[in-house]
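Across the two complexes that follow, chain A remains constant while its partner is chain B and subsequently chain C.
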Partner chain A sequence: MSIITLQLGQCGNQVGGQFFSTITDDISARTTGVSPKENKQYIDKSLETFFTQSEAPDSRDGSPSLPKARAVLVDMETKAINQTMLQAKKSGKWVYAANQGFSQKRGSGNNWANGFCIHGPNSQDHVMNLVRREVEKCDRLGGFMSLLSLAGGTGSGVGAFITQSLRDEYPHSFILNQVVWPYNTGEVIVQNYNAILTLSHLHDTADALIVMENDSLHKICAQLLNIKNISFADINHVIAHKLASVLQPCQAKEGTSHTACDLGFLLERLVPHPQYKLLTVKNIPQMSDVAKEFSVYQWPGLMRNLRQMLISDAPMEEGINWNIRPVAFRTESGHNCFNRSLSTLLVLRGRDISGVSTDMFNDPAIYAPWVSSDLSFCVAHQPRLFCEYEQAAALVSNSQASVRPLDRILSKAWTMFSSRAYVHQYLRHGLSEEDFLDSFISLEKVVASYNNL
Partner chain B sequence: MLCKILDENKVSFIRAETLRQAKFDKCSAAKSVGQLLFDVVCLCESDNKNQDLEFLKFMVPNENQMIFIKTKLQGWGYLSNSFASLPNDFSTGSREFLLALGWVIYQQNFIDKIIKRRPRPLHQDLVKFSRKKPDALRSSEELTNSNCDNHLCLKERIQYHMMLTGKLRMSLRRLYSSYQQLTNLTNTIHQTTEGVHLQLGLSHLTPLEVHVLRYPSSLKKMLQELEKDNLELAHLLEWKQKENVFWEWMGSVLSAHIEDQSQSRASSAASCYGNALPEPTVYLPVPEDLGQQVKSARDHLRDVILRHEDEMSRVEQIVQGKKISTVETEVHKMHMDKELFEVTLQLRSCGIGEEKSLHESCNSEGTKESAASERISTTSSSFSGGNKEFMSPYAARAVRQEALMIAVNKEISTLKEKVEKLQTDLQRMQLQNMQEVQSLINMDKNVICIQPRSLKHFYE
Partner chain C sequence: MRNRRNRTGSGVGTCILNLLEDEYPDVYRFVTAVYPSAEDDVITSPYNSVLAMRELTNHADCVLPVENQALVDIVNKITQAAPSTRPGKRVYSSGLVDTSTGCSSAVKADSALTAGAGGVSGSALDEKPFDKMNNLVANLLLNMTSSARFEGSLNVDLNEITMNLVPFPRMHYLVASQTPLYCMADMRLPPRRLDQMFSDAFASDHQMLKADPKHSLYLACALMVRGKVELSDIRRNIDRLKPNLHFVHWNEEGWKTGLCSVAPVGQPYSLLTLANNTCVHNTFSSVRDRFVKLYRRKAHLHHYTQVDGMEASDFSDSLESLNMVIEEYSRLEQTMGRPAEIEPRLNVLP
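Take a look at the complex of A and B:
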């Protein structure tokens, strides 16, 4: 059971590098909270999922060779890939396999059409070869995870194209896309176009999209982690933390039997409905390393906070609006007064998890009325500590949370499009105005179906 | 002995004592012997059709077990009235069951089938070996639980079903990838153990063998299984040797049955003589109203024959008539030909005659017509002359029509002349009157006369 990571674009590569080092950090953590044997199992499983390990020892000093990430690095510029590979080598815990990167001389210039229509087809054969090489190393292909941002040109354009090729090549595999939502205020003027085009294409091809909003990540960095000058590295750290907390090995309880909560299981539970594919991840607790030692949490309190975070769609446990209640009442426009979900998956890691009551997530009021309780909620356990947190809970939800930013981006892009601003840049690379309109329509449909939840 | 084999091979559990009771037709044994018979029949059936035994047993509900047995037995050719007339609730008739059981065991080669079905512990799947107990499927009660949302509206139900479909699709994909992994790993084992083999016909070790080699503790379990298997096989062998004992015993059961039957028949003949005959046995797999059906079918057939009898006889007559007239038709044909020939000849001559007369009449008509037209107008001289002689009736009619038209035109023109003459008369008289009025006005100076406008032009 292995997951192959595709790092697309500058953002994707940086997030990917951070993701793998978070996992190795977690693996090599000093306090585990479980017996050495269980810890060994956990480490083996995790390594098998994200890394390849060759049996042969390193030729120079005889020590076992470093695990190699199951990853394919794609960018149109060499800078980000080289930097990421170098950082990995410097960590001394893991490396990227040689020749698993693909880059070209010229970037996509923040133009989605350039990435999708020009760079994508040009690099398709090469990238798919790299992917095939990774797939052949797996005993069992658990799925693909693509990391990309919505704003840029390479990540979004080439990413959308590569995801399509993946779907064509591996029709039975699971494809999870983690997309980084650009800042509201935006670094790139055409980010809304890029985001719209990417999202609509990914919504057609991928199985699920994990949405990470730069704005809320920024808030987490500022308020919970107390970072003064927030850099992208800090934000990537939070993203990696969120992803790892979900994807690290754990056991899900289903009926009477336990099943491994692998990527396939995750998607099966969370995105069974083809019209609802947007996922959000909420973590609790999150704090800086300094604060970790002095903080004590109790499970019931954490669960209560997490539930309110889900209902009120708060990115973190501070500043939750406690006034929002799950009521059946809807506003006149048909909107819900709270964040209604289709399905959720709760991952609990740490001490005393067997006694945690998760009944408050089983409340049918917070889910769509037509979802039966056995489909809506699922809980997974892992007694081993995660990144030395005594307790850690991650809640993945398929809910209305991502609709608001999507709606905002849609309206902004539409305003720009109605005056045809910058559209000629895209038409130059072979995109037509119909493609824009199709994307608008398909995303409006997504928004509408989430609003009707 | 038989009981042991049956139990070991997971067919059914029964005690020899019960069979013994069944020999003496004890009602208490009926239930268990009936159950045994059902199990045996199920096994044979599943073997015949290559179906899963559990599935077959599951498919047949409890109350239908007896019907199932009877249907199958009669299908195989066990036609015993007394067996068929047994009640469906396994309450009585243990000896009948026993006899039927003996028949099935012999007729369907039951023991051979058992031997064929036996699992071979050396070749079994690793998964089956390593797993203690297969996970029980979710109980049906749990399944119905999740299905209790009938209060949803249509749209929501569609959404729900879409969701279930999606989930199913995902599960299938997961299953597919797991299967791929299994294949992959098995292949790896086969490749790495190339050259070492424990079984004939294979050049590598099976996953099970590798598992046993890797974990020696499982050897003990393997040994147990093999010993058990050995014992069971020994029992089967023993059965083959001592089979005749069973059949002898079965023979005694049969003779007891026959004895009983003759006794009961004698007694019933003695007691029920003069009474109504005993109820006819119900022959279960056959529909209850079979007699009626047969009767109605026969009636129907008779009706059809009767209805068509007339037609058939008529057809026969016609055929006979045809046969007789074949000679006559030749004669008739000749007669007909002759007549036809004469008629044509006549016709030909007639035709010539008619042509002549037609010409004459046409001519006369033409002349008459032309005379008439000449009488009406002297100007219409278009058809006077040579062509008057050869005029077809159509032309004649056309001429007549033309003449009529000319006459009408002539009439119209005369009428028009008359009108014109009258108008001029009128004008003349008006003028005269005007003049008279003028003279009158002139005579009297006191009168001022204003002429009507319509008459103004007279003064100009």
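Take a look at the complex of A and C:
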């Protein structure tokens, strides 16, 4: 089942480039932990999902042609796309298909209205054509994954518009959006407006949104990976790692039968109700390549840490608050004292996974009471090592954790909106104050729903 | 770009601004405007300035005011900081001549040089600093457009500058400040430490406008960084400088960051800050006061009203427009230090 990736805006393109690199690095890893036959199965499945391969050798020098990413690159100015395509070629392991990039000259100016109302409609035909070209190359379409950031103008505005077009043209396909939340303090001043406008639209059209916060990713880089001068490339590396750890091939065990854990399965299990679409991904362990050689972990320890990361909403395995417990009572304001989940999916990759006990995740106390216990938790296995980690686990959860950053952004956006600052910049491109208010209302509803879990 | 005290720059310039708006309404219009200093030799410069300002307020998307006095001071600073000149140094000839006054402003600028100089050699006295001053403004434009011309991990185009720094339509006047300071490809100054560069940018002697933003209210601030600087460096410096700056309550985190990988020639890195700060109302007030002094007496008005298409009401309208801009900035500045009234969020049922 193939997944087509749409890279939208500078962030989306940079993350996308890193994502495909991470997949090819994983595929070409030397330590695999399984037999060559099983390894080949894994590689074939992964290539099938994310790349097209042609039988014919490269026309220029007769060498076998490189896998081409199933991707569409969209940006309103040319630099990011050119850079991303160049870096892919330089890797020597994969490339982007020719002419799958669409760009303009002017950029969106960090203006959601410019992206959604002007550039979106203008580029719709071209972009949907590129998508169609990729779809036609697939034997079986698994779904779409869009990569975008919420802060800018293209990823957010054009992204929201294109997701809507995708939904209109492929009403039965799965659409997963991976959204990057900007740092709390400034990358873009109007990032809060752009974020709430995008999220309110995506929440309607996409099937699920995977939330990744720059602040959390930064912490992971600083504390776990020990990077001194953190750049966006480092952050993108972490994002790519998280996505790949979930989307690379694995098998879910349901009773005695096995199902391939593809995009459809993921979304079915994690989004039981359309009002709850925000997902987070937690990984354990995370470390630099150098540390990997010297680290030894045990599964029970990893599982315990991961569960506590879930309950206490910690971004990583350092600094976890062990005092938080899944208790039934709520605070005076009606909030939970821990991070309650709707549903979770655990992916185990590496050695000795068949014996790992995951019952602690099946504890009804950590889930909302109205979700039936056989639907709230699911495990997927893959004995083939992921990126040469002896043990690696990824936990995708639909929980209250996603609402925390949303709540914060809503507050800031509302404060700014009360003084109508910057609003004229959006109105001049076709938005109205009504549109703003609609976005606020629909997101307040999402926050309220999650808080009442 | 226009010089606003001189009749050609301000008059023809603003006319062209109007034409650009009609012809290309979707393209953003940036204006670098040179504001006259207090002791200005063009007598009617206040009239030219205020008349031009109305056009800038209504038809430009973003204005970067620049004061000659600030530029002169910066040039002085550079000359003093550089090691002594080699013998036989070339004397630069000025490319810019003031049309209304001939050479008198050149003499004035020279005297500013000698006043501060002390140990400057004789040949430097004959130099006209306009080239160096223009060089500073040229560097400003280069830094501002660097993201559009080169690659970087966080590109900032010109339209993004307007989007993030202009919260209300008429409040589009930005105070620019650059580090490191150098002109005419003079590379003899040693490079500063990175954090020092950020601190310098917020020092008033690096600004292109004589103003005091630190004691006024910031509406928004953009940091355009070039060269070998990482995201974490920028974030660290923002955290360091923020406590000393006052931001308006609805934009406490009003920082826009741009990162371009290519540094200016001969420098390891550079920083341009563009701040939308309420301190500009002081500059505008002094321009207005000089205008009013002349206007009250109707002095020299007939030179303007004799021209076809120019009416007395243009003067009063322009004054009105300038007053409104000053009023908007002052009103915001007065909210400084007062507790903010937060509107409660919407209460919805799930």
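The working rule: the second predicted complex is superposed on the first by the 451 of 453 C-alpha atoms of A that agree within 3 Å, B and C clash if a C-alpha of one lies under 4 Å from a C-alpha of the other, contacts with A are read in each partner's own complex, and residues count from 1 in each chain.
The rule is simple: a residue touches a chain if its C-beta (ideal position, glycine included) is under 8 Å from a C-beta of that chain, and two chains touch if they have at least 3 such contacts.
All values derive from a computational prediction rather than experimental measurement.
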{"item": "Joint occupancy of chain A by chain B and chain C, clash or fit", "value": "fit"}
{"item": "Touching partner for A:H273 - first (chain B), second (chain C), both, neither", "value": "first"}
{"item": "Angle, in degrees and to the nearest 10, that opens at chain A between the C-alpha centres of chain B and chain C", "value": "120"}
{"item": "Which of chain B and chain C A:R140 touches, first, second, both or neither", "value": "first"}
{"item": "Chain B versus chain C as contact partner of A:Y96, first or second or both or neither", "value": "neither"}
{"item": "Which of chain B and chain C A:F338 touches, first, second, both or neither", "value": "neither"}
{"item": "Partner chain(s) touched by A:F440 [first = chain B, second = chain C, both, neither]", "value": "second"}
{"item": "Touching partner for A:Y193 - first (chain B), second (chain C), both, neither", "value": "neither"}
{"item": "Chain touching more of chain A, residue-wise (chain B, chain C)", "value": "C"}
{"item": "Contacts of A:I230 with chain B and chain C, given as first, second, both or neither", "value": "second"}
{"item": "First (chain B), second (chain C), both or neither touched by A:F116", "value": "neither"}
{"item": "Where chain B and chain C come nearest after superposition, their Cα distance in Å", "value": "12"}
{"item": "Shared contact residues on chain A - chain B and chain C", "value": "275"}
{"item": "Contact footprint of chain C on chain A as seen in their complex", "value": "10, 14, 77, 79-80, 83, 106-111, 153, 183-190, 218, 229-233, 275, 410-412, 414-416, 418-422, 424-425, 440-441, 444-445, 448-449, 451-452"}
{"item": "Residues of chain C touching chain A in the complex", "value": "28, 151, 153-155, 157, 159-160, 162-169, 220, 230-233, 235, 238-239, 242, 249-251, 253-257, 342-343, 345-350"}
{"item": "Complex interface listing, chain A residues touching chain B", "value": "1, 139-142, 172-174, 207, 255, 257, 264-265, 267-268, 271-275, 342, 368-372, 374-375"}
{"item": "Of chain B, residues touching chain A in the complex", "value": "135, 138, 142, 146, 149, 152, 156-157, 159-160, 162-167, 170-171, 173-174, 176-178, 180-181, 184-185, 188"}
